[in-house]
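The first chain written gets the first letter, and so on, giving A, B and C; residue counts start at 1 in each chain.
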Amino acid sequence: MKRRALLGLIAAFALSMAAVNPCYAQKPVTLRLVQWKTEAREAIEDIIAEFHREYPHITVNMEIPGQYDSYIQAKAAVNELPDIVGLYGTGLFDYAKSELIQELTGAPFLSRCTPFSLRATTDQNGRVWGLPIDGSAIGVYYNKSIFQKHNLEVPRTMAELEKVCTVLKKNNITPFALAYKDAWTIKMAAITCYDNYVYGPHPDWTEQRNRGQVTFAGSSEWKQVLDALRFILNNGNTNTAFETDYDTAAVMLATGKSAMLVQGLWALVGIRSIDPDMDLGMFAMPAFWPGAKLVHFTDLCLCMSANTKHPSEARLFLDFLTQPQAALAWCRGAQLFSAVKGVKPDFDPITGDIFAYIDRGDTTTVHDRIWWSSFNTTFEKVIQEWMVGSTTDAEALKKLDDLWDKAKASGNR
Amino acid sequence: MKARRGLLVSILLIMIAIVYMSPFAFAVISSFKSKAEILLSPVAWPESWSMRNYTEAIKRSNFARSLIYSLIITATAVAGITIAGATAGYAIARSYPGLSSVLLSFFGMSMFVPFQTIMIPLLRTAMSLRIVGSVPGLILIYIGLGCPLAVFLYYSYIRAVPRALEESAVIEGCTHLQVFRHIMLPLARPVTGVVAVLQGLWIWNDFLLPYLILQKPLTIPLNQVYFYHSFNRDWNYIMAIFVLSTAPIVLLFLCFQRRIISGLIAGAVKQ
Amino acid sequence: MPRRRPRSESCRGDYGMPSTRTRYSILGLALPALALYSVFFVWPLASGLYLSLTDWNGLARTYNFVRLRNFTELLNDSLFLSSIGVTLKYAAFVTALQVALGLILALLLSSKRIRFRSFLTTAFFLPKVMSAAIISVIWTFLFGNAFRAALSLIGMENTAFSWLGDPDQAIYSLGIVEVWHGLGYYMIILLAGITAIPSDVLEAAEIDGAGLWQKASHVTLPLLAPTIGICSILAIANSLRAFEIPFIMTAGGPGFSTTTLAYFIYNTAFQSKRFGYGCAAALYMFAGIMAVTLAQLWIVQRKGVEY
């Protein structure tokens, strides 16, 4: 009698302990997190430590592999996708289609993100596949001190930009620092042009192209993109453009040899490492009409593997990341914007310039997310080939058309 | 007269040789400069001769780890290639002639096929065997790809050895393995030297295969390229790593020059 | 100590020949090589043949069997065709320089009148023992920054040549790196070939009154022909496979002017994500290299017969 009562008391006590402190009853869980941003490593480790303090039974192990894309591909092929994996752009939707990541539609933490950032992970049917984390921008860095010295204003049209370049050249300053040896920088310059010129008036240009309603060769907007790119090429270190790499261009800007550089927010780290106190600003690439828009987009998105063994714990982590302090810490460390509403990182004076555009609504986003992947990777090389003069405008545009059709025919998204 | 002309030509050649080696000299000198110095004044003498680049580069790129891994991978793979090649070469040399030619052609396929042709499906095989990212897996792949050459070299060498020695051993009751270990292998030492040099040099310097399989900068060439491919290229560290990466093989070469050269020539002629 | 086991009749075969059983069982020794070779070479080769008939993108779990579509599409693919052209230009340039310069150096170094021969041999051979990937990194800097700076030191900045930025020039700049890398190797082979020439032949020529150049062209070169043949075969086979140098130095650019065949295959598979298509291109590459090598072997054999 007495013994049974005693046992019952002990059981009740243990149960109540478990209820009060759920962690005693829960098995320790380890989550694998894989993403590619090395700049933010320390900040993220701090966030993980905070998370562990709040949920002691969950440990998050982060890996930042080199050769990110093929690493993830290899893991996916053997069904070993990490619990939380970083994806972006077309890749994200490819994985969604192949049913390798989980749908997150309706998760409460998504409501903390800005609608703009959510577009990066929402497919055409409104289903959300990942949590957007950061935001970046691509525009024209410019040396404010040089501009001030020569009484130059931020150009808002191509005509104004032309005048700026003339003044700079007269004073022996190379207007644009061109790093075209690294073909991806060409893509950056092209993005600032086509995302505004082409996708501004025709946001669904990609679908139109797929239906055959438009072509590169027949598009006056794409012709304008080429004209703008030609202008930039002729107003920079033209003779050495294809031997200068990304770093050398940053040096050119930081040392004042050049006054402008077309790049994304990530270049800030490199420029500041050479001249930390430089008075740096950013403006949007002007158009041939008064309608300059800054390219603003979500880069890193975190998705959950479709067959993760710990879905609820993974969701807890994603929820944690959308808390204001965590989001702010991540973005301060990565030196990028946050996808979370109301979080405005203050890591650099240049953010003021960028937010001016965002607040005014003068932004456009990247549209190569739904380009065919084999087209996407060859696009910048075709433009590079055009820039060195191996093909004419018409030939280059036709080549883009042919590439697009081939990519579409091979069915590869 | 002729001797004087010889001297002039010698000096001319020496000057050409010095220019020929100037990329190394350039890298060594640059490795003492800061990044800004390298980019802004590439051909100037360094301002100061500090070892800062070296210490930083070793830390950042985990150079020590890549050195150890390169050593382990190369040594193990070469050992594996030697054993696999020698055993197979011996077996084929002593078996039926018809069977031998079939097996030789089987191994001979690999001579014409460029790596690119099997690169993609090899990656797929590695993925299904789950050895992507695994160092032992990479070693096995090297043995598989590297043994044909060894098989040929051992085969042609052993074929010329009279069977008398093995005969007596077999009569005494030795197994094939014992005959191989105690008689053939020591006898074929010259071939082992050639195989070690040829395949060892290839594996130590190989880039693409580890790049695809390991996906982490675990070997010396991978380390160098990963560093070079990083976003903000730190040329000062790149130069330091270049000097560190090439130092081992250069030192090894200077010590064993004759051996290495004769090994490479032997390999070329056989091909 | 060998085991003592009772010997049965079958262990003694014909006099001097191993028995049937031993001749089969010895093949057991070949198992490790056969196994690893089959798994990592033969199976991928066969599987590549199969994959080239599909449209697998390397990621999806399913793919379609498209038969010969990849092969016909490649023949109409301007990028594929241009990569063949680039590779041929590169191989021709590199081989010609490597064999020619290697021959000149070998002839010079074989002469007893040249001093410091071992230093010279070491100096020219040294780049060969280094990794092509590592060398490419340094040469990128040399072509990109250092040469221009060196020229500006002597005031010739404006004549600075665009080594890697000019689409017509870039492939030859890469070729220079390959020549620098491999020259010593071919020099050594040719040197070995020269020293293998019996000295009485050379002495006979000298007695007949032959001068330096006559000796070289009428005696040395013809006897060296097979060695030169071997060198060209090796050099061509090697340069047709160029990957690391264009991969690291120019990433195939500017445009597509340095996209070699090997680089095209890599890109197709891992960037454009078309594994099946890449396998088909890789098979074309195999066929091409085999054809070239066999043609060369045939030429060398014929030339050998003549001498």
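Basically, contacts are C-beta pairs under 8 Å (C-beta built on N, C-alpha and C of every residue); 3 or more make two chains touch, one makes a residue touch a chain.
Fair warning: this is a prediction, and the values are worked out from it, not measured in the lab.
Asks: Hey, how would you classify the chain contact layout here, line, ring, star, complete or other?
Replies: Topology of touching chains reads as complete, every chain touching all others.
Asks: Which two chains does the highest number of contacting C-beta pairs join?
Replies: By number of C-beta pairs in contact, the leading chain pair is B-C.
Asks: Starting from the mean Cα coordinates of subunit B and subunit C, work out the distance between those two points in Å.
Replies: Between these chains, centre-to-centre, one finds 15 Å.
Asks: Measure off the straight-line distance from the CA centroid of subunit A to the CA centroid of subunit C, and report it in whole Å.
Replies: Taking the mean C-alpha position of each chain, the two centres sit 41 Å apart.
Asks: Could you say which residues in subunit B touch two or more other chains, in rising order?
Replies: Subunit B, residues with two or more chain partners: 39, 124, 235.
Asks: Do you know which subunit A residues sit against two or more other chains?
Replies: Touching at least two other chains: 70, 77, 245, 248.
Asks: Would you pick out the residues of subunit C that each touch at least 2 other chains?
Replies: Counting only residues that touch two or more other chains, subunit C contributes 58, 145.
Asks: Please give the residue numbers of subunit C that touch subunit B in the complex, ascending.
Replies: These residues of subunit C touch subunit B: 2-5, 7, 11-12, 16, 18, 22-30, 32-34, 36-45, 47-48, 51, 58, 108, 111, 113-116, 119-126, 128-135, 137-142, 145-146, 149-150, 153, 180, 185, 188-189, 192, 230, 234, 240-241, 243-244, 248, 261-262, 265-266, 269, 275, 278-279, 282-283, 285-286, 289-290, 293.
Asks: Using the touch definition up top, name the residues of subunit B that touch subunit A in the complex.
Replies: Its residues touching subunit A are 36, 39-40, 123-124, 127-128, 130, 132-133, 211-212, 215-217, 226, 231-233, 235.
Asks: Please give the residue numbers of subunit B that touch subunit C in the complex, ascending.
Replies: Touching subunit C from subunit B are residues 2-3, 5-7, 9-10, 13-14, 17-18, 20-21, 23-24, 26-27, 30, 38-39, 41-43, 83-85, 87-88, 90-92, 94-96, 99, 103, 106-107, 109-110, 112-122, 124-125, 140-141, 143-145, 147-148, 151, 163, 166-167, 169-178, 180, 201, 204-208, 220-221, 224-225, 228, 235, 238-239, 242, 245-246, 249-250, 252-254, 257, 260-261, 264-265, 268-269, 271.
Asks: Mind listing the subunit C positions that touch subunit A in their complex?
Replies: Touch residues, subunit C against subunit A: 55, 57-61, 73, 77-79, 143-145, 148, 162-167, 250-257, 267-268, 270-274, 277.
Asks: For subunit A, which residues count as touching subunit B in their complex?
Replies: It comes out as residues 65-67, 70-71, 74, 77-78, 245-248, 250-251, 255, 266, 269-270, 273-274.
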